[in-house]
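Two complexes, one shared chain (chain A), two partners (chain B, chain C).
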Partner chain A sequence: MRYGLTEEQDLIKQSAREFAEEYIKPKAAEIDHNATHPAEIFTKLAEYDYLGLYFPEEYGGSNAGFLSFALIVEELAKYSGSVASILINHSAKAAYALNQWGTEEQKETYLPALIKGEKLGAFALNEVGAACGIGPNKVVATKQNDDSYVLSERKAYVANGGAADVYIILATTLSEGGKENLSAFIVEANTPGLTVGKITKTMGLRGCRFAEIVLEQVIVPADNRLGYEGLGAKIISETLDVASIAQGAQVVGIAQAALEETLRYSKERVQFGKPINTFPAIQNMLAEMAANIHLLRLGVYHAAQLVEKGDPFNLEAAIVKLNAARTGQSALIDAIQVQGGYGYSEEMVVSRLFRDINGCILKDSSHEFPEQKIAAEILV
Partner chain B sequence: MTDVFFTPKQLELQRKVKEFTEKHIIPVAREYDESGEYPEWVFKEAHKAGLNCLVIPEEYGGPGYDSLAVGLAVEEWGYGCAGFATGLSANGLASYPLAIAGTEKQKQLYYSRLVAGGKGCFALTEPGAGSDAGAVSTVAKLEGEEWVLNGTKCFATQGGYADIYVIFASTDLSKGAKGLSAFIVEREREGLAVGAVEHKMGIRASNTVELQLKNVRIPKDHLLGQEGEGMKIAIKTLDMARPIVAAMSVGVARRALDEAIKYVKTQLDAEGKSLAEHQSVGFKIADMATQIEAARLLVYHCLRLKDSGQPYSKEAAMAKMFATETAMKVTRDAVELMGSYGYSQDSIVEKLMRDAKITQIYEGTNQVQRIVISGQLLK
Partner chain C sequence: MPKVLACYKWVLDEQDIKVNSEDYTLDIGRAKGKISDYDKNAVEEAVQIVEKLGGSVEALTFGTATVKQSFKDLLSRGPEKVYFISDALAEKADAFVTANVLAAGIKKLGAYDLIICGEGSADSYNQQIAPRLGALLDIPAVTFVEKLTVEGNKVRAVRKLGDSTEVVTIEGPAVISVLPEINKPRIPSLKQVLAAGKKPSEELKLADLGLAADEIIPRVVTLSVKGYVSNRKNVIYKEASAADNVAQLMASLAKEGLC
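Then we have the complex of A and B:
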């Protein structure tokens, strides 16, 4: 199916597919099995200019637009959901926030290194508990003087955590009226007091580990605050919207890979004297997967274009999130169903895709249903 | 749930298994999920507690529980860990063919091994014969007073540790499903070997293996029922096993619901309100609970039909399909409700979701259940 992409976008997608075939496909099972950050693949992503694809040229980016970035995520995710997650957390979260709200000086300091792959970025939002800024271990940034803050306590489930060189850390700050709000800080991994705590095992996306980031009296210069005090909530919501479009592309890629595997299997698998793809029950499942993936892909491309143009995209991002969750889960539940006991085996790729896809559709906070965000937009 | 229609014997078993699960299974379920090792010791514990062969009648030294009691027991095991539950209920599955077609002598032989603490294995599936069980290519040939079996079985639950097997083989390949026959094979028979161990995405504490049969010789009287009755025996066995898988799935789903409830009641949102106070969360919990309740009633109803001697094959397929779809859906909802924590191995719900997936596949895929249900309604 054609999606009205430009010639350049088609080429970018094609080259990402070839890249993934060559460098990721042979390593995908190992990345999942080893459950460590695949540094050599990250370096390769940088060599191919994928890390800075949609960033301005002045920082070393390619300025190729957010849709091109989504296309790359989709292609990489077909072969390894973990690699796609690393890229999303690096480029669509950490680097996105820096580019969007950083001062000229902050951008010059960090973006080129992130784009060249000299540094890996992470967006440290989660804390133990349901949302950022409420739990017993919430990270607080206390203003010491006009020049610096002291950060303490713990971040949890930080993707790329432990491997990252630069963290965007969301922390609770006190406004002048004494009211708590959220602010974002750029903190390098080697800052004294910052240590990596527990590495948490996950169902899937195991090459993009979740780590706890422990902050003990970490002194952060005020110059490293991203945006003004209290801008944290806005940074969180916009960054997560952008990321959810990229995660939508990741779901499209994983689900597409599952569909292709299942098409192949159902053609080869013979039961009752004929290939199982001749049975309407199997055909219906395949057709539903294809139809859902198509709709999700259209939604992702559309939302990515809005980001690219600078148009509002929060409604569309929430719609992508809702559809990605539905499509992603049902596609993999059905893909394994068609492959039966074999699909359930660790040796079959669909079992990894099943574990991975559920990590692409996590809600950022348990009570934040995408339906509610959509309703908030359409009820105005 | 209290149900005034349960007998004291059923309730007593439920209580016993619940205690067993809390003591022996829940504390170690995660550990065995990670290692993928087979917890053989749990069978010794089950044997000690009198829970190792629930379905074997009293006259053969078993506890003689009725099907509903067994369902209640397996539901509790499922609540603890579907991997353990699959292993612990494998003796039931492997005993049903005897109840269906075994002679007095065969029952004595087979049941005595299980009663003594042995393990059974039901081996039907082959690489080329999954949903299409009639395509079995393992063959059995009568040579004098012995059957000689040759072929390969796969996905045999507990096959690596079993002491006695029911193995399906064709006695006449030209007849397809009508040429299928069932045999009792003891572990020590020469030529029976355990092949590759299956590494699975879930129920990792259960043992799933390939079985190789090379000129395995067994006495003539190890044929269950008549030649050509294998398919009938397999279908009846699966009818009996389906509500039990369904009961296990109810247990898995119940666990997911309990974990989700605990989470949303204790976690706070940014305003300091508990997540449980959000209507969207509350409604999700209500949906999960309602589906579990419906699944459980289908299971209990089916088992009561069976225990009272009425036809229950359609109801078994319905219960299996609905309860396993419910387990998949509810475990998925729990992971979703619990976000990053739910996806991480810090919580148990990600395991429940991986485990739930197999219930839609084994003991007949849910597509096969639909064939059974529609076949009865449309005939």
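Then we have the complex of A and C:
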């Protein structure tokens, strides 16, 4: 199908598809099986300029727009949800926040290295009991003097955790009136007191490490605060919205891979003397998968265009997140259903896609959450 | 330093072409265009030669108006400039017409040390362009090339010929047609894609190429193009003895003239 993309965007998508077939496809099963960060693929992403895709040229980026970023995420996710997750957490969370709210000095210090792939970024938001940064953060940044803060406690389930070189850490700060608020800090992985705790074994997206980040009296210069004190809530909200759109593209890619795999299987699998794709029950499932993926893709591309243009996108990001959960889950359940017992086997690609897609859907927040956001927007 | 020209064809992507199972006609309504596969090898080889030895690499194509859709893809793969001859005539052109048009275009552009083509196009795969260009330009043509080495104006080509290989040494200028084994076409990086939009393209008007009327009349007229569908006969031999089943299979194959 054609999606009204520019010639350039079509070509970017085509190149990303070729990149994924060449470098990711042969390693995808191994990445999943070994559950290790695929450093060599991250380096390749930098080599092909994918890490700096929508960032300004002055920091080494390509300024190609957020829609092009979504197109690349979609193509990479077709072969490895893990690689797409690493890219999203690096570029659409850590680097996005730095570019959006960093001072000129902070951007010059960190963005070129993140874009060149010399450093891997992570956005450390979740805590045990404070998912999506909502609710009181146990990680507290105590102001020592005008020059520094001390960060203590631990972040949980940090994507790219342990592999990352630079963390954006959300922490509770106290405003002048003594009121608690949230602030974000740039903390390098080698800062004394920062250690990597437990690595969480996950069902899917196993090549993207989810780790606990332990902070023991970590001294962070005030110059490393991202934006002003109390800006944390906005940083969380906007960054997660942007990431939701990228994760929507990730779901499109994984679901499309499941559809293509299922189309292939249903053509080859013969039952009662005929390929099963000739049976109406199978055709209905295939048609519904294709139709839902198409609609989700349109939603993702539209929301990505809003980000690119600088228009408000919070409502559209929530709609993408909601639809990604519905479409992703139903597509993979149908894919496994069509493939029957084979689909349930670890040997078949769809079982990995099923595990990966559930990771995309649960990340950052459950899918009930966007419904509240959508309602809040439309009830005004 | 060599001046290299890569010739390429913009074809329909066969993956998007559907075959009607009733009458085998082709549905190309949703088919997108692509650079013909072996022509990507030709472009890659031209670019690699220039990356190694210096010089320049340009590209030339002949096609309908849709050929303009190929420029960014082509230029992202390395050539500095693309020349194109765009005319509705290309729709019906056979290898005779295509080679005449390309040769006339090359004569207008000036001298090249090497002209590299794919061995055949992804649609018709006639394998005629390189030999015809060699004849029309009066320079050597070397086909089925799987390895190419250029030193000064000396060209050493390894040709893959069925069950043997042949090594040919010639002096340029020459036309070379390459096999896919010769290299692996690069995947353009994001910056190469973006830079392609800034590279030039130039049209050569068919009317300005000085071709005689009979040089652009196809010698081959295509009456129809149909797809090929493999329909299984689903014959099952159910004799108790395997030997009887094999005998029946052999008899059936013999009846079909297959053994």
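The rule is short, and it goes like this: the second predicted complex is superposed on the first by the 368 of 380 C-alpha atoms of A that agree within 3 Å, B and C clash if a C-alpha of one lies under 4 Å from a C-alpha of the other, contacts with A are read in each partner's own complex, and residues count from 1 in each chain.
We take it that contacts are C-beta pairs under 8 Å (C-beta built on N, C-alpha and C of every residue); 3 or more make two chains touch, one makes a residue touch a chain.
Since this is a predicted model, take the numbers as computed values, not measurements.
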Contacts of A:48 with chain B and chain C, given as first, second, both or neither: second
Touching partner for A:56 - first (chain B), second (chain C), both, neither: neither
Contacts of A:8 with chain B and chain C, given as first, second, both or neither: second
Of chain C and chain B, partner touching more chain A residues: B
First (chain B), second (chain C), both or neither touched by A:271: first
Partner chain in contact with A:227 - chain B first, chain C second, else both or neither: neither
Touching partner for A:362 - first (chain B), second (chain C), both, neither: first
Touched partner set for A:200, first chain B, second chain C, both or neither: first
Chain B versus chain C as contact partner of A:112, first or second or both or neither: neither
Shared chain A surface residues [contacts with chain B and with chain C]: 273
Chain B residues within the chain A interface of the complex: 34, 125, 128-132, 135, 154-155, 198-202, 263-264, 267-270, 272, 275, 278, 280-281, 328, 332, 335-346, 350-351, 353-354, 357-358, 360-362, 365-367, 370
Contacting residues of chain A [partner chain B, same complex]: 126, 129-135, 156-157, 200-204, 210, 270-273, 281-282, 325, 329, 333, 336-337, 340-341, 343-347, 351, 354-355, 358-359, 361-367, 369, 371-372
Of all residues in chain C, those that touch chain A in their complex: 30, 32, 69, 72-73, 76, 187-191, 193-194, 196-197, 234
Chain C contact footprint on chain A (complex, rising order): 1-2, 7-8, 11-12, 14-15, 18-19, 22, 47-50, 53, 62, 64, 68, 72, 273
